[in-house]
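Chain nomenclature is as follows: A, B and C, assigned in order of appearance, with residue numbering initiated at 1 for each chain independently.
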């Protein structure tokens, strides 16, 4: 679809959240279609996880987004989908790859939302494809267990914070989950959640560096818990790390099922977003260093540095591999 | 959240209706949460009334709106909520108060929408807070009875009206109530109604003075009757009074439950909006005087003058009090 | 309502699809109201057909659209509605007619969606009005049978197409039908479908001529089949014909009820859109000629030429009649 003014920031760059939402919609469609392709209990595919995704180049208002999706692996109860986003300037005809993403879906019964159904297996062209898919499946399973443990943290307000401290840029928003946010099962689309997360992360980044910012990448996101229609969700973000030219922001989503259900507020999702600051010509600008004050902030900064260096090393290894 | 191009007029000023909608969403969330805080029948808080609110300074595209809400009084069956809106330029970090509003909600049972539930009482820091709240409660109760009587009026089309007459600028729009306009109970959010009312009032004001206009204040609004999903609502506005630099517009909302229910069209809400005209530099401009023709129009003009002078006197009294 | 940035293209011209959506909303409201005007089974009017409509002049951001609707004929099971759209510049007060459209609706029972109810007859001022209405009714009935047969075609992707060929500009989008797209019966509003069709047609036109384009007219559209909530719809467009200054694009809508229903993908709607290319001053520009390659493309080009010449002849006849 064509990118509209409301999809973009003041500088005309489309929000990463808009792109994540389109990616998730494509993934939900292809995996729901696949899981219903054999006669049996009707179901809706729910997003369980998005793998780390890089935003290779920013999109602009008026460009057309081409989203294509393909199922790359099926386990007994989950579907792996590869989604590619190409942006096309329809006036010049120029096209470029904007995003590649990998998503995991789980089919839930339309009649009983707590029942996970079986996934019809796909055919692989080569045996190695199945083996590689299985390896990815095992890896993400492990990683999901890990983030589940990290989920206890909360963000507290700070009075009169100094510029460039964590408290200075931390932000949160609340959103009442309405019908248009939800799937046929009455649960929030994963894409809607990701769009809100990107919105908060973008506010944190802009508050910190006070320039035009764009999403550079999103770390793997795990959707541990569904969020029901009528919930209030609180999306909170705080900066955890800065390199010379990038900022890492941790975002939490808490759901508050305050009507109709005797249940406590719970952590539904958390993730790391990386932002860069762009000059008017679209070049990356230096970013003010994050000032850490508490022990927790210093620890999180070091952890963020670890993720940054790991990603950098991985990218260099890939480039060397590509150059061989 | 960040203000988008669709939230604003051509001059980049955010519509008052967008701000009213955010205020009401915040009020609905906090009061619904409070009314469900004790075990008992689940409920949804429905907007009963918004007190007069002033728009202290216009917001612009790209600014972030910070909305905070607090419960200030509870009667047996209603909740009073104070909502503050701060606008923040995230690039400069500058913040200012945009709005302060007081809203009254009533908890309706999720199982039986016609049943008003009891509100859990709040604790007051000082006895005077409870007494002042009670006084506000009694005052609004009286005022709600009064507007109920005024509600019989209708707006008729005028052929070939002269510029600056009432008929020249009067306007109306219709809207089919869809699922995304409604609460869990299937009734229109008060904030959605107020946004439509501001849209019509803005069109009336722009037709009259043909310049860039912004909402300056909204008089108390009483929500006498709920509006159900599937209704068509007609929102009509006509100018009632002009001072040198302001315009008062009366707005009616009529609901037409034309499907599924054997019921006549009825008046659901009515209110007065005050608009000012702004120059390119954001200074208030003189406004052409409203030409009244009929006896009714002259009477409404005088009544509007009364409200204008009363508000002016109240504001001067507050400023003197503040100066002491 | 006021036209917003998201309603328009980059040049500030409001999308034809936005206008079609407003027209259909007005038609659905007036015909649903009429069909429920007598005691009996409650119903919702579903769009069956839109007659050919011309976009007489483009609307711009900030203008107000005035939509008025009137019932002009009723048969036993259908309602004909005339809708007029006027655009008004509220700053200058200038008004002009933007569109005139004729729509046909059929009342479906709210309790049993497959049951078509009877329409209360309207009163005609003159006997000729009824006769002319009956003639229009018979004509559209014939035409609906014809398009039903044409509906088998599909659009296949082309690898590395040459500029200005059919394959070069053909486009498609998918959309997951959500609650806010649907009527009370849980089926997609005809207006939502037409807005998506116009979006795809606009992308095809822009890809072909790489300039600012606007919708000039839409041929009669028949809605053969309803589309249910939860379906995925694929909207595909391909260019069929170019004259010196216009482009004809054929658009198909296919619905895929992949959840909850054991049914194949089916063709729900198809139509022809005509676009023109505009200079910065709003004058029509010459359009590159469409290069046809296959026999089918050549045949469709000739058929498009037939429609183009027929419309041109009809318009000239009308102008001569008006001049007499």
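Quick note on the criterion: contacts are C-beta pairs under 8 Å (C-beta built on N, C-alpha and C of every residue); 3 or more make two chains touch, one makes a residue touch a chain.
This is a predicted model, so every value here is computed, not measured.
Think of chain A turning onto chain C: fitted on CA atoms, that turn is 120 degrees, to the nearest 5. For the pair chain A and chain B, the fraction of shared interface numbers is less than half, so the two copies use mostly different residues to meet. One finds 37 Å separating the Cα centroids of chain A and chain B. Under the contact definition stated at the top, the residues of chain A that touch 2 or more other chains are 5-6, 179-180. Chain C makes touch with chain B in their complex at residues 1-2, 4-6, 25-26, 28-29, 32-33, 36, 39, 42-44, 61-62, 64, 90-93, 110, 179-180, 182, 184. Considering their complex, residues 5-6, 9-10, 163, 171, 173-174, 176, 178-180, 199, 202-203, 206-207, 210-211, 229-230, 232, 256, 258-262 of chain A touch chain B.
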